[in-house]
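What follows is subunit A paired twice: with subunit B in the first complex and subunit C in the second.
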Partner chain A sequence: MGDRKPVESPPLGPGAPERDTAEVYGTHEIEERFKDLADPLRDIPDDADVGAEGVFEDSHIGEVLESLDRDLIALAEVKARIGEIAALLMIDRLRRRIGLEADVPTLHMSFTGNPGTGKTTVAMKMGQILYKLGYVRKGHLVTATRDDLVGQYVGHTAPKTREVLKRAMGGVLFIDEAYHIYRVDNERDYGQETVEMLLQVMENQREDLVVIMAGYKGHMDRFFSDVPGLSSRIAHHIDFPDYSVDQLMDIALLMAESQRYRLAPDAEKALVEYLELRMTQPRFANGRSVRNALDRFRMHQAIRLYKSAERGRKLTKKDLVTIEDEDIRQSRVFEGGVYSLDSSEERPDPS
Partner chain B sequence: MTTGVRITQGTFSYLPELTDDEIRAQIQYGIDNGWAVAIEFTDDPHPRNVYWEMWGMPMFDIEDAAAGLFEVNRCRKAHSNRYIRVSLYNATLTKQTIALQFIVNRPPHEPGFRLHRQETTDRIVRYTLEPYAARDPHGERYDGSE
Partner chain C sequence: MSEDRVVLGRRDERTMVGFQWTGAEPEALNDPDFAVSLGAVWEADELVTYNLDHLRHNLQHHPDGYLEDSD
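What follows is the complex of A and B.
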């Protein structure tokens, strides 16, 4: 092969001899041909100002992150991840402004964590955040479960899934308890079709919608190992940890404040005790339990006020906004729990 | 073979073919006005043929034009050599009509129309247009390569 002359068009196909591209074409020609690729920005000086301030202000990124910090208690890891995503999207926008093209980043996410740890709340906010950052065009959230995606009979699944995907385009598709979609033990389950369509859209229409899958950690892990290729298409796996008592207290106070209630000093102490007890009892659902508890306390307060008004006492504004110690201590949680061993019957709501 | 006739109808009949980005922008305009997006197709190019076949259900609940374009592309894939149009329907009471309608796909070759002259009584001539494509049965028109 040594003294063979370089040919104009090298033979192709499986039988073609292997040669360096440089040997065939000559190094000069290669440089000439690919000089555009080598430096697409040679007309822009390296120290050119890219106008970062304007983009930063336009995106309201500071505002968004601030409100996230204010409205969500704890979840430091989640916030940090959202901050990273926000930064990436902003830098991406700056890069595009001076002509540096890059692929649209994958923003599909999976939220894992125990019940009531804020997965849905964060997903709801995510739509707005991505909209403000200019990643999605509308920013609405479409929530779907297995029922909305998987059909009942042959040929039913694809149109159903497609409807949901179409509705979510321009925004965020939130699939709650995503592991229900696919049942590995039943090979005739129609969920497989849904998964295939999801995978396809997640890959090909990244700029049209963001998919967020949520569920309990163990189940989700099994789901991802059952469906090869899904986990790798999700760029952000975010785990939502359980809250501590202090964090639950903060959540309770924030919730009470947003509903225009106040806790009497005694009541706050009672609430701490309540939460400590409740956490050890079964079916504890973090933030959701706190919300349910607050609803119960409001009912207890309403009955207390109603009775005292019946006895002829005048009610003041202070009465209406304050939750007292006794409203909380009435709870069955203080009597050793809602699901104590002697009561085998199920009761609807633990509070 | 002659060049045939490029059939035009609808809102942008005087314009060259819309690009995908332009189609997307028009659909978005319709969605922002609260209009429903419907996609229809046919292989009968006669101008009086108003009832085209529907491609799926009209889309009342989409937020973004990407969903409309998604269906346009699916329809193009299934019926590449038929006419496809997008209709934006205004369902407001007292309007209830198509607000915007434009062709987004056409067969690669459009043979055009034959002019029939029918001699009737008293030297009266009646004129009729017949699409050459309609000589073939429904579903086998435009090269029949469905």
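What follows is the complex of A and C.
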């Protein structure tokens, strides 16, 4: 290695003619020229162009970040954190291209927040980002809960966990409500075995798999304190805040628009009232509750239109695309809450 | 039976992981060595198959494989 000479190449740096290096030589050529250098710190001029533009364009990372911004309402801090991680990986990749080797960074993450705050969606985007920047082989998302990982009897857990890990290799393993895996108050709980296997894979197969653990913040904090060595293997902790009423309205309007519906002016006012009430009631799940509500409003609209057509009224395109005030106001949310009218459903997680 | 050349993945030393799938591979396939055992071949830096249907069939019926999610 020591007697290798720098490869012959057109000059880079101050004396070089002004041109876009990435464009002229191509991103592959830049790497070819740099790869045999014995000591990149010594042999590459400090002001050599490393072709950042080419890598940025080739990876299409900008498109993924734009779609994250477009598809998710609000969550400015979450988007900023994802952008920071993407920037870190992008620079890491540029450094690697000119021979500045670095260890595989730890990319395991923890996403904390209430249900419906966008954790799974962001995890999916994260898989795409990691794939486009060359940090995972496939970039797919495998979601798992305790039931998928932990067995019911002796000898059942390891094969179950192994199977999920195998499916997730090359991508992102998203463990929802990760704290349910391990029950600290039960010494004989089989989840211990899963945790041990996860810790081992998170440490030894970092280049093959990124693990994202998700759940309520308080529970996750307790989980990390109950399982020594877990928190230190997680590089990025991202908190997903609840949405405000205005943000939920934006989500609702975006969802309605994507399904080719629109809200009548009175219906928009009704929806604001609906959301203000719904947020105070049990089992509220942010964006997911909005989606469910919209599905119910569509059903109310369909029933209204069907009855109207039965009475002989001609339906118009406007009828088909418009959700009216009454479609929203007949929700049981206005009658004292979803929980009071259906006590058979599970109570929400207290956190 | 398909006989087109399908590139399943590529070795790429510019990436941190050294190899990346192209997206043409069956969803349940994520191990290059396993792909070879199912009939894929290396051609230079490309992992290819000339019979994707056959490879998919082998994957679904291999004892070490698993079924893709039905949903």
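Everything below uses one rule, namely that the second predicted complex is superposed on the first by the 298 of 351 C-alpha atoms of A that agree within 3 Å, B and C clash if a C-alpha of one lies under 4 Å from a C-alpha of the other, contacts with A are read in each partner's own complex, and residues count from 1 in each chain.
Operating definition for what follows: a residue touches a chain if its C-beta (ideal position, glycine included) is under 8 Å from a C-beta of that chain, and two chains touch if they have at least 3 such contacts.
Values in this document were obtained by computation on a predicted structure and should not be read as measured data.
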**Message:** Looking at the superposed three-chain arrangement on subunit A, would you call subunit B and subunit C a clash or a fit?
**Reply:** clash
**Message:** By the touch definition at the top of the document, which applies to A:Y131: first (subunit B), second (subunit C), both, or neither?
**Reply:** second
**Asked** Of the partners subunit B and subunit C, which touch A:V104 in the superposed model: first, second, both, neither?
**Response** second
**Item:** Most subunit A residues touched (candidates subunit B, subunit C)
**Value:** C
**Message:** Quick check on the superposed pair: does A:H140 touch subunit B, subunit C, both, or neither? Answer first, second, both or neither.
**Reply:** both
**Asked** Should A:V210 be classified as contacting the first partner (subunit B), the second (subunit C), both, or neither?
**Response** neither
**Message:** With both complexes superposed on chain A, which partner does A:G171 reach: first (subunit B), second (subunit C), both or neither?
**Reply:** both
**Prompt:** Looking at the overlay, which bit of subunit B runs into subunit C, 24-32, 114-122 or 132-140?
**Reply:** 24-32
**Asked** So which positions on subunit A get touched by both subunit B and subunit C?
**Response** 137-138, 140, 166-167, 169-171, 208
**Message:** Under the stated contact criterion, what part of subunit A meets subunit C in this complex?
**Reply:** 31, 92-93, 96-97, 104, 131, 133-138, 140, 163, 166-167, 169-171, 207-208
**Message:** Under the definition above, what is the set of subunit C residues touching subunit A in their complex?
**Reply:** 9, 12, 14-17, 19-21, 27-28, 30-31, 66
**Message:** Please output the residues of subunit A touching subunit B within their complex, sorted ascending.
**Reply:** 137-138, 140, 159, 165-167, 169-171, 205, 208-209
**Message:** Residue numbers of subunit B touching subunit A in their complex, please.
**Reply:** 56, 59, 61-67, 70-71
